[in-house]
Amino acid sequence: MISNKKIGTNNGGEGLHEECGVFGIYGSPDATNITYYGLHALQHRGQEGCGIVSAEGDRLQYIKGPGLVNGVFNEENIQTLKGSIAIGQVLYTTAGGGGVENIQPIVFRHSTGDFAISYNGNIVNSRRLKKYLESKGSLFLTTSDCEIIANLIKKDVNHQGPQDRIHAIMDALNMVEGAFAFLIMTSKRIYACRDKHGLKPLSLGRMEDGSWVVASETCAFEVVGAEFVRDVEPGEIVTIDHHGIRSNHFSAFKHHKMCSMEYIYFARPDSDIDGCNVHAFRKESGRLLYREAPADADIVIGVPDSSLSAAIGYAEESGIPYEMGLVKSKYVARTFIQPSQSMREKGVRMKLSAVSSIVKGKRVVMVDDSIVRGTTSARIVRLLKEAGATEVHVRIASPPMRHPCFYGVDTSTYEELISANYNLEQVREKIEATSLAFLSAESLMKAGRRQELCMACFDGNYPTDLYQTDEEESLYKRYKIKVK
Amino acid sequence: MISNKKIGTNNGGEGLHEECGVFGIYGSPDATNITYYGLHALQHRGQEGCGIVSAEGDRLQYIKGPGLVNGVFNEENIQTLKGSIAIGQVLYTTAGGGGVENIQPIVFRHSTGDFAISYNGNIVNSRRLKKYLESKGSLFLTTSDCEIIANLIKKDVNHQGPQDRIHAIMDALNMVEGAFAFLIMTSKRIYACRDKHGLKPLSLGRMEDGSWVVASETCAFEVVGAEFVRDVEPGEIVTIDHHGIRSNHFSAFKHHKMCSMEYIYFARPDSDIDGCNVHAFRKESGRLLYREAPADADIVIGVPDSSLSAAIGYAEESGIPYEMGLVKSKYVARTFIQPSQSMREKGVRMKLSAVSSIVKGKRVVMVDDSIVRGTTSARIVRLLKEAGATEVHVRIASPPMRHPCFYGVDTSTYEELISANYNLEQVREKIEATSLAFLSAESLMKAGRRQELCMACFDGNYPTDLYQTDEEESLYKRYKIKVK
Amino acid sequence: MISNKKIGTNNGGEGLHEECGVFGIYGSPDATNITYYGLHALQHRGQEGCGIVSAEGDRLQYIKGPGLVNGVFNEENIQTLKGSIAIGQVLYTTAGGGGVENIQPIVFRHSTGDFAISYNGNIVNSRRLKKYLESKGSLFLTTSDCEIIANLIKKDVNHQGPQDRIHAIMDALNMVEGAFAFLIMTSKRIYACRDKHGLKPLSLGRMEDGSWVVASETCAFEVVGAEFVRDVEPGEIVTIDHHGIRSNHFSAFKHHKMCSMEYIYFARPDSDIDGCNVHAFRKESGRLLYREAPADADIVIGVPDSSLSAAIGYAEESGIPYEMGLVKSKYVARTFIQPSQSMREKGVRMKLSAVSSIVKGKRVVMVDDSIVRGTTSARIVRLLKEAGATEVHVRIASPPMRHPCFYGVDTSTYEELISANYNLEQVREKIEATSLAFLSAESLMKAGRRQELCMACFDGNYPTDLYQTDEEESLYKRYKIKVK
Amino acid sequence: MISNKKIGTNNGGEGLHEECGVFGIYGSPDATNITYYGLHALQHRGQEGCGIVSAEGDRLQYIKGPGLVNGVFNEENIQTLKGSIAIGQVLYTTAGGGGVENIQPIVFRHSTGDFAISYNGNIVNSRRLKKYLESKGSLFLTTSDCEIIANLIKKDVNHQGPQDRIHAIMDALNMVEGAFAFLIMTSKRIYACRDKHGLKPLSLGRMEDGSWVVASETCAFEVVGAEFVRDVEPGEIVTIDHHGIRSNHFSAFKHHKMCSMEYIYFARPDSDIDGCNVHAFRKESGRLLYREAPADADIVIGVPDSSLSAAIGYAEESGIPYEMGLVKSKYVARTFIQPSQSMREKGVRMKLSAVSSIVKGKRVVMVDDSIVRGTTSARIVRLLKEAGATEVHVRIASPPMRHPCFYGVDTSTYEELISANYNLEQVREKIEATSLAFLSAESLMKAGRRQELCMACFDGNYPTDLYQTDEEESLYKRYKIKVK
């Protein structure tokens, strides 16, 4: 059953959400199987839908659907996707919202050959581009950014040959403002494209048999047995075909601004992004956090799963023992029956439970990666106190989040960001912590051993233009968004 | 799970297939529920997929999926489709083939307002139109004729107001060659359109509460409790909105040519098409068949289900008793495990069984509606003989089928049509009948009490142009297709 | 998911329900596949659940579940049931009610070898037997009659050898009062058992390769390509194993009383029961009905599907033309969204619609097989009148139903039987018929060319004892049930 | 669909498996909902099936099925289970094997009232008991130990009153040899029973509203918001009804022998078993392991998830930093497409991946909880070396496993236990570790701060009799099993 009902159950400001992971492979007899395993490694980047497209001769075939990789694919249906080229995606729906028709990759039928797109990111000027395309005769069936890019590429009907094609893509990408890391696939090649700010990760790898792989995160390479080759560069289009790989740069602009939340929260700890391991980044941020904001306590605990590395860093640096004071059920799924309000009042807690025999009578340092709305932090502090913690010192391994993200991170609006509306002491009070400290922006950069992170959600310095309509301009003004 | 794998299991020349049924309703608080029941009444016109679109405010919502109406819809999901306007479709995939993306209605997102199309028929010049549209910047996501029509309507971006809209539709339809009866729905109105030859049925009805309904067959009116008002005329666009109904004719041409196979095979016996009841048509054709081709026999049997009316007509006219010599299981479904070849050789027969105690020792008249490949007829004759029939006189309630259909009836190619390749005696021999006779074209027309049937599959007189490419022209020449 | 929630949606007094069909095969390499096709042919006898057990070596394996044969079984799972012996069942839940654990065949694990039972019928003294067995140490996991019979067979722990086994079965069956036709399967043989009154049908057939089949109805033989051999006799146990077939009679009593409703309503028209074809029976009953109760009318129509044969008989005998004035959707399924009351008032009718263009202005004879509560008849008469029939002469091809059935036919209670509470003229008024007539019991017997039908539901002459508890005795007295 | 096909996919000697978790609640208006959340907290104890039984009046109702709690239950079906008493189970199938009929709780229908049983453990003398029961007239429908216990309880038909009932249970339990912790539920009370050695955990808790809960692990209390009250004692039957709780001891024997593998591997780290927190136990065992077997290395890593606590203990005691060198995908599910052999050779690894950027060039201490076959350890050591580890020092937080378990832990046979067949140096060579050390039995006991662990799998001292047949006796003799 297909519906335009939004497939995701966007749980509001309870947390942060990344929107997508992409994976592609060129030149392997097991292309779709490897894509399946690659998507599985990227599953944390999107659990609302997934799909794989492969090329059998000139024909692009696909299977996609709502839900997890292991729900959509099975031994039988994966075998119907033959061919040596494939791309796939795991999806978290953001701006586009919409139904199953938005699940990617999306296949386009064209007289010059079918093609498919699998996209991670967010186009900032999407409405403007859509209006322009409609004025030229485009008619949209989805609300996905994919369809905008596809129409931009095909807008000039005189482009025909392979050389024209790369120019058509370059032209298109120069019209797109925003964050993206995406794959275009034809029956003969894959184009791997990354925006000129490098806001989203995209890496190239190679299998032992010589086939090329490209993925949002390097953890997918470990899983499929590929060797990391290099990152796709900001503003680069890597073409993969029987000639091997070739590089084109659609923009002379180069200002690397990798999303800092990838390191802090989204990426798997075993991924390396732009040469820096995510677990190592987090552990170092935990060490620095202790140096900036020590606490006199008995035990250090991390909020599972994304804060464990930082908590261990904090524990090692401080010498305070690291303990498993919070346990997260590994069986919680999207389809679980959520406890009703009255159940919750009775104390039913599905996801996270505090371990009384660990925290009772203890002064606890609780390390978390970030605070968005503050509701989750407040809930965990309360859990720990109910379990007997005498003090709860909250330490956040990133700066206060004060600005919304326009590049695909689902951080809602200014109103919802607790640190955009309250000062440190007020936030501490609201979450009922004994003490509260955030990591400084300087230390965050230090943890990454590099300067070029996008920290717009912390400091409001958005690397791209944000206006796409007058209405938006006034919106930004209202919220005093600083634009470069 | 969605895939571009063809959703239908086109069983080749074993029979004939109609492609679609459409249903729409304007102005009812129960719009989607009534559409559900309407589609259920039209289920015989397509079992491969179905969908409903409704309008809640300006927003078009839909649910669709592969399979039967009762598989795709349930109490819960139908309730999510609110609004007082809805259109729906049951689908049999033909030319377009393709996957779930082709299931209709298809919703199009446009800055001037979303709209949806639900289509029955076949566009003869589809490839030509597609090429033209691509040259103007259109990019296709489906292989459905729907998307061609939608792009044709939106091709001129200056059309904006409601008055422009009807002109845009009229312009579009004048570019389309072929058979169609379809619905366009916006958040405010429904347009019901029928091709200028009237090749496909489309009727208007009204509920007691004043809401308008439109359906491929009148049997849907009986089921939902609506009164038949009139047929949509060939070349007419009926606009249904809060003003009531208005009529526009996009073509001055008028030459009514209703598909004769609708009467002979497709339509439900309780439908009236262009004023003539289908059961009555069939029974009369059976009576005329006896007069043209009497048989000296003990019992008359019909091949269930579509030939029962003709068989009863034959029995009544002849005075030979009508018996239930063939029984069709009512539980055979698409998903059944088909008997293997070795099973079949052992005599396993899922769908149809001959009743020994009825036919044993009898001279049987077996009435069927048509012969396509001849394989089914041969199988049934053999069944009857194995069950003990001493003679099997085959009587067909339509003329020999000698030409393929280009208007949505899935009659394959010349090679597959037994009567295009063999004479009467040869066909009789091949199906091992004791005697064989077809109804004459004259009697068929007489049964319908009218002259204006499309009989192209019998006589090759196609009412429309057929050439859309040079390649096709040579194809037609090769097969000596007579074109008007 | 399994639950003890009643799997059926017993729709009360709207109609009659048969409870089961059984099928077994001994000695075929395709045992489970053939059982699948056999069950498919018997699907009309029960749509609430089904199952197949096969023997691979000494091990009995099974697959079963709620729903239709084509929902429970598929290419994959049927292949996991290997072996050359199999039995299966289609289930309509009656007395036992209960959940999926009651779906048959039920497999029993015993140190002397596993066995399985597939049962059609109803044990009248079940509670008495259950109490007796519990007092001997039995503990029940289901509410199925199967488990009672299994415990009866195994109650004497000293029975060990094959000779003992047949005696154990004979002993058990002599304790059981009621109607039954069932199969016991071990890893080496099948026992086919029929109650001493022969209330339920059970027939033996043979495949071309020599394997034996046994089925509730002979239509299953046509479907699987088997030849009818003979009926299992009342009071007989047929043992099928590598020696061929052997016969034992567990009772000297012989008084053949086949359920008349099998002919009138339940059985497929292409089945022969105890040597009489069901369609022929029905057509003859229609002829006799005309002779007993002629009507001056324009057309004869039958209520689909079970009354069509009788209607054709009535039409042929009277010379009044038979028309398709009522059409039943062949796509109505158990899972359909039922029209709400308000929908029904608007005229939404899912299952049955009257064809206005056939019945308008006509005097109609409406032939039906039986009247239970009268509500269905009243609804159809109203349908026909709304469609324009000027007169509706109702002719019922069986006598008035005045007594409940205790042998597996779901006819509720005396209160619900319209003819138990009202006289002919009152019933006519209630169903708003122009005239009403029932077939006489004499003619019914004549139609069957035999005297030995159980007509308890018409005349209250129950062939078995009915008392199993004092409570029941008073119940019967209250309703003045005549007991032999 | 139900089948007797084994529902589990027992993955052989790759690891250890616990068989079940039980949960019960008495006296809550939300009994089934709370049971659902309780089972969810116990999901790690069994993922092959689950079920809940509740009492509505005298009627026991149930829902059960294969798979996880969130697959079997949903908002709708859980609401159909009403009542204030409920028990539930998560299942890992062991000895009984078998199909869905073995999923617990199992409901028994008896004239003195229905009852249900939910069982964790293994009956050592099951075959002996079954033979005895069959000789008294019992007939089995499942291969579950539950049905044996139920029949034992009901074997004496003269037991009738509530007082008799507790005696019947006590009698039954005195016949059962083995490990068990189970719940019996009637429409009025719950009996919580634990074997006289206390081999399986079972704890009592209480909700704020006064309702009683009982669970295999205390982590379920945290999740449902209940307070821990006390453990059920070895040899105790706790009766919970409207009088509150009462205690009966069915055996004077008392020798506490809690399964050590519960602490080492099975239980959730946030559970307290017999007063000792599992995480704390494991962390302490890691500390002791370092003291017994230090290693000169750069980083400590744990094998996720069960070894993380021990690894952190090892790291803290040693001062060597703890790193996330192995990452386990949290999305791996039972239904995943497993990589083929050729895929695996290419390096595809679904579950566990080693993080090159963490381990490259490092001397690694790899802490694991236990070694069964050795194949997993060898695989992980290889993974780490391929990722660049220069040395891999394997440290196991339990003694070498040299004897099979007969109490529900799925440790196969002597042949499969690597430490039963090879000495320390040989094992080290086989798993290709740089060095290898196991924790001593003394330290293990010390970690638990108690003496009374069952360590039969390490030392062969089985607390119960093991002989149930002569055949088994010879088996044990062959393997030189030491029996008390």
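The letters A, B, C and D name the chains in turn, as written, and every chain counts its residues from 1.
Following the convention adopted for this analysis, a contact is a pair of C-beta atoms (placed from the backbone, for glycine too) under 8 Å apart; a residue touches a chain by one contact, two chains touch by 3 or more.
Because the structure is a prediction, the values reported are computed rather than measured.
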item	value
Common touching chains of subunit D and subunit A	none
Far-end chain from subunit D, centres as C-alpha averages	B
Subunit B and subunit C, separation of their C-alpha mean positions in angstrom	37
Averaged-CA centre spacing for the pair subunit C and subunit A, given as whole angstrom	60
Subunit A and subunit B: spacing of chain centres that average the CA atoms, whole Å	48
Junction residues of subunit C, two or more chains touched	none
Interface residues, subunit A side, partner subunit D - complex	30, 33-34, 36-37, 40-41, 43-44, 68-71, 73-75, 78, 207-209, 219, 222-226, 268-270, 272, 277, 279-280, 283, 305, 308-309, 312, 316, 321-324, 327, 329-333, 335-337, 339-340, 342-343, 346-350, 353-358, 387
Touching residues (chain side subunit D, partner subunit C) in the complex	1-5, 51, 60-65, 72, 77, 80, 99-101, 103, 106-111, 130-131, 133-143, 147, 150-151, 154-155, 157
